[in-house]
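Some structures are shown below for you to check.
The following pair of complexes shares a single chain, chain A, combined with chain B in the former and chain C in the latter.
For the complex of A and B:
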């Protein structure tokens, strides 16, 4: 008898349990599992929506190393993830720490700082697009400081920087909340014991806070990386991948290759690569979670 | 946490600076939405614009923003109902039943969390096309309506409900569905709100899928309508900002009234 282990009555019918999971499972199979398998299938074909798919084997995958648009986008994506994840997590950790230091009106500070996370992403994109306008307020500040106005969004060197900066603004408060939850779950006794032992300032951070925060930090790294890989709206709305494809992140390349150029096979091969990257990082997350629960 | 006065001072300095940097773009958006095109880049942030509400009225005259709003509300509402329903059923199954297939089912749920929409838009589009759902509300809403994270959040809460409640109800002859909906669900109202707020916000912000599946202007959601308006009227910056404010208002009201649940939802997504 496997069931009834925790004292369920004999009238308990496990079949109900299986039935209750079915609607969610059906949905997942229909709109997630089947599509991902279908995606592999299309990646092995030439398909332009108009004529029937033609099987071409691994042609699209074999072409990837020589595909300049793909390689370009791959580097842009990796750079975007690195330049957003590291500073965003550093800043949000710092802010969360600062929040633990204030006693009065912590709620108010948190509310004010949390605004970017709840602001609609399109509103964020539109505002920052104007802030980065050549005549916009950021260049006002730059010229006021004695610098030269920067063509933020029309230059392939500066446009990726502009996108990264608005991503910081948008993302920091979300991870701040996660770190804050992590900080607040550290038992007070740890700090009291450390104080008794004479630990101060950075010693406390180094020997108490950081080790206790390790699982939270690991989780935040995974989350931020996956979210970075999935970014689409900023690049699509603010620069549309330009100038000269300098902000053509992988999601945008997939979108254009499939829905503008109707090259579904090639775009599906890109998707498979993107999925592989996200899957690898998500598996890391599961590993972390198991580590913590077990 | 013990802290020196220097630490306290540093914390205030950091927070103060961060709040300024956080609020500046928001203030700029609000201020610009009341300015004329000539004023936007030439007058200081806190000056009152001469445009009054004209940016708002002319933007609304140009595009059906209230229709976009309704579409967004509809999409978000359907997603919330579907997610709460499917997640609660699924979570009840995983939290309180032991059956042979449960581990297999659980693995399916775990896998689904790892499949990002961004990687399956092409097959999903082809599938919706095959259903004849392109440019319909069904195509716009259903394929992305279910937020699987709901299962994790509900399960976590349901596990902590003592089995005795359920057994007592069973002895009284209550059916399993009744146990779930009239005994368990009322006990976990805060969790229902967290999942609802989380799902609402996710759908409210969703951009990629609506962009792909709709070409009909009357089906556009608010984010799409806002982005399309901007693409068409590049130089009417005041109007673009008015539209941004309009898009942010519902979330702002929603956030201020349900802040606790927003924060809990953010944490729950992170921690699962």
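For the complex of A and C:
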């Protein structure tokens, strides 16, 4: 492949095209590729941000199996992903399907349901923090209904549940839009043909909708999983990883290890492991999509 | 003629430009980073203007960020090799910062003294001890605090007690918990007393440190090994922090968590007693501001009181090119004890602060001044944040039913592991 004016070489990328791509390429190299490589480099060093890095080989990686904070965060992260991905995707799918059935004010409903996704997550987190406060409106409602106030954010059992609930609220509308696009891309002919063949209700869903939605579902699963692994704001703003580290997901542990404990080497080792996990899931996505398209 | 005039004008302009350049080369702009506290900002800006009026070549540029964000941003600036001249640092971070060469040793001459001893003589006893590492002083207090017990006198009145009468003040922890039980309302609308919950580890440490000292508990022993799971420490936590939860009159489940106002329940009249500093009243609601009295911190042995000392201090960075001017400004700023206390509620720790007009107008200033005499700073460690976090996690665990000893054993393991790294 050569870059040059049309007519030179076998395959050509017009020089103007290359120039237009350059800023994006530079951005990717400088702000994405370089930090990833630098993070791996730092994971092989002891580095406190303020002195020169000291090479220690794979010390930080070798310590990971015995690092209780890391193991704890790993399990919390996995649990968070499991408890958010499945319900969020299920709810999104149902909402998107319901939207396809709406005949009146369809645009209004879509807009209303999409609002949570476009709200700044910091504002959302602060509002939910107020809602889940022990003296907040949710507990007011619980006590009015005759129940006992729940220590949502101060208890290791309830705090992860509260975080999961706010994550659902924020994420559902985003995946709903993805599923909606998937539903709308299914040709009407399929349904008409199925109807002629006598397919009804669940059969249409099982044999027409779900197979046609498979690439969309695969994409949504991978996106939701990756986003779940990268989540940070709710845990940082609402509980700061507490109580007793019950909501300390991996990204928050990385942040604290870096900027509170000044242990950049160890934090980078955590980051490399998290990156490896996300990369594996992303490759899985490519494999899924290729399998479908191939 | 016209040509000559033009030449003269050009020459004059050049001379003026050169003069301006020369003057500019002598001008100093001190960058000063502070955690966000609006009264402090106003006061510092006022004092900075006064300092510039006396020293026209020196200007001060103040920047503030909320606590938490502030520390992260400061570290980023230091790591990038572009730190401000003057910084605002909590005392427990001094070992970490000083051991990494971030802070400059205090310039005695800027404070008008010739030695460390003379510098210390300007301050209350121990005021500089928390800012001294390996015999070198790295900062001066902007706040030199101790904690006391704030009591809502209207709440006491409801159970037939006069809070102005010292005989009704709880002297021991048991007195405190007994009184708290009487003040707590069963419908959950009021709690008698509570510790802080779900805040940063230093908030917890400020409250448990005097308790640990009273019980003879050390976080780390003389050999540098974790001792937080010793019998003394288990007893200290069991007989104080845990009691509230066991008696169901306090604990995390009843606390309103607000990092911006750690005393929100007391501030809004939902809690009758709270442990806080002299800086706390501006956070109170107007109603509570009228209703509080200040009592000494409860003790295990009231005849042998032990309290906390802490300091949000001011320091000059080692990388500053204007250290002399920066320290001169710090001396100018912090020597106005009266102005500081009146405007911000901060006690600068200078000798004689308790005799100032502002102190006389501050409720409880005599209690705080007495408390300062019996205080000590939290343990010193270059890995304090990890160690503080481990103890915080232990407290949050035993608050939820994990045995105190087991929770503290875990904290001790974590502290040892951090220290071995």
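Basically, the second predicted complex is superposed on the first by the 263 of 294 C-alpha atoms of A that agree within 3 Å, B and C clash if a C-alpha of one lies under 4 Å from a C-alpha of the other, contacts with A are read in each partner's own complex, and residues count from 1 in each chain.
Throughout what follows, a residue touches a chain if its C-beta (ideal position, glycine included) is under 8 Å from a C-beta of that chain, and two chains touch if they have at least 3 such contacts.
Bear in mind that the values here come from a model prediction, so they are computed numbers and not experimental data.
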Message: Output check: A:112 vs chain B and chain C. Expected answer is one of first, second, both, neither. What do you get?
response: first
If you stack the two complexes on chain A, which partner ends up touching A:259: first (chain B), second (chain C), both, or neither?
both
Is A:151 touching anything from chain B or chain C once the two structures are fitted on A? First, second, both or neither. second
Just checking: does A:15 make contact with chain B only, chain C only, both, or neither of them? Give me first, second, both or neither. first
Check your understanding: So, does A:202 touch the first partner chain B, the second partner chain C, both, or neither?
Key -> neither
Inquiry  = Touch test for A:133: chain B only (first), chain C only (second), both, or neither?
reply    = both
Max touched-residue count on chain A (chain B vs chain C) belongs to chain B
**Prompt:** Who does A:48 touch here: chain B (first), chain C (second), both, or neither?
**Reply:** second
* Asked: Does chain B (first) or chain C (second) touch A:242, or do both, or does neither?
  -> second
The intersection of the chain A residues contacting chain B with those contacting chain C is 133, 135, 259
Chain B contacts chain A in the complex at 1-4, 7-8, 10-12, 14-15, 18-19, 21-23, 25-26, 28-29, 32, 40-41, 45, 85-87, 89-90, 92-94, 96-102, 105, 108-127, 142-144, 146, 148, 151, 163, 167, 170-171, 176, 180, 201, 204-205, 207-208, 211-212, 222-223, 226-227, 230, 237, 240-241, 243-245, 247-248, 251-252, 255, 259, 262-263, 266-267, 270-272
Chain A contacts chain B in the complex at 2-9, 11-21, 23-25, 27-29, 31-36, 38-39, 42, 94-95, 97-102, 109-131, 133, 135-137, 169, 173-174, 177-178, 181, 183, 188, 191, 195, 200-201, 204, 219-220, 223, 226, 229-230, 232-233, 236-237, 251, 254-255, 258-259, 264, 267-268, 271-272, 274-275, 278-279, 282-283, 286, 289
In the complex, chain A touches chain C at residues 48-51, 68-69, 133-135, 149, 151, 153-156, 239-240, 242-245, 256, 259-263, 266
The answer for chain C against chain A in the complex is residues 71-72, 75-76, 78-79, 96, 100-102, 188, 197-198, 200, 252-257, 270, 383, 385-386, 389, 392-393, 396-397, 399-400, 413-414, 417, 421
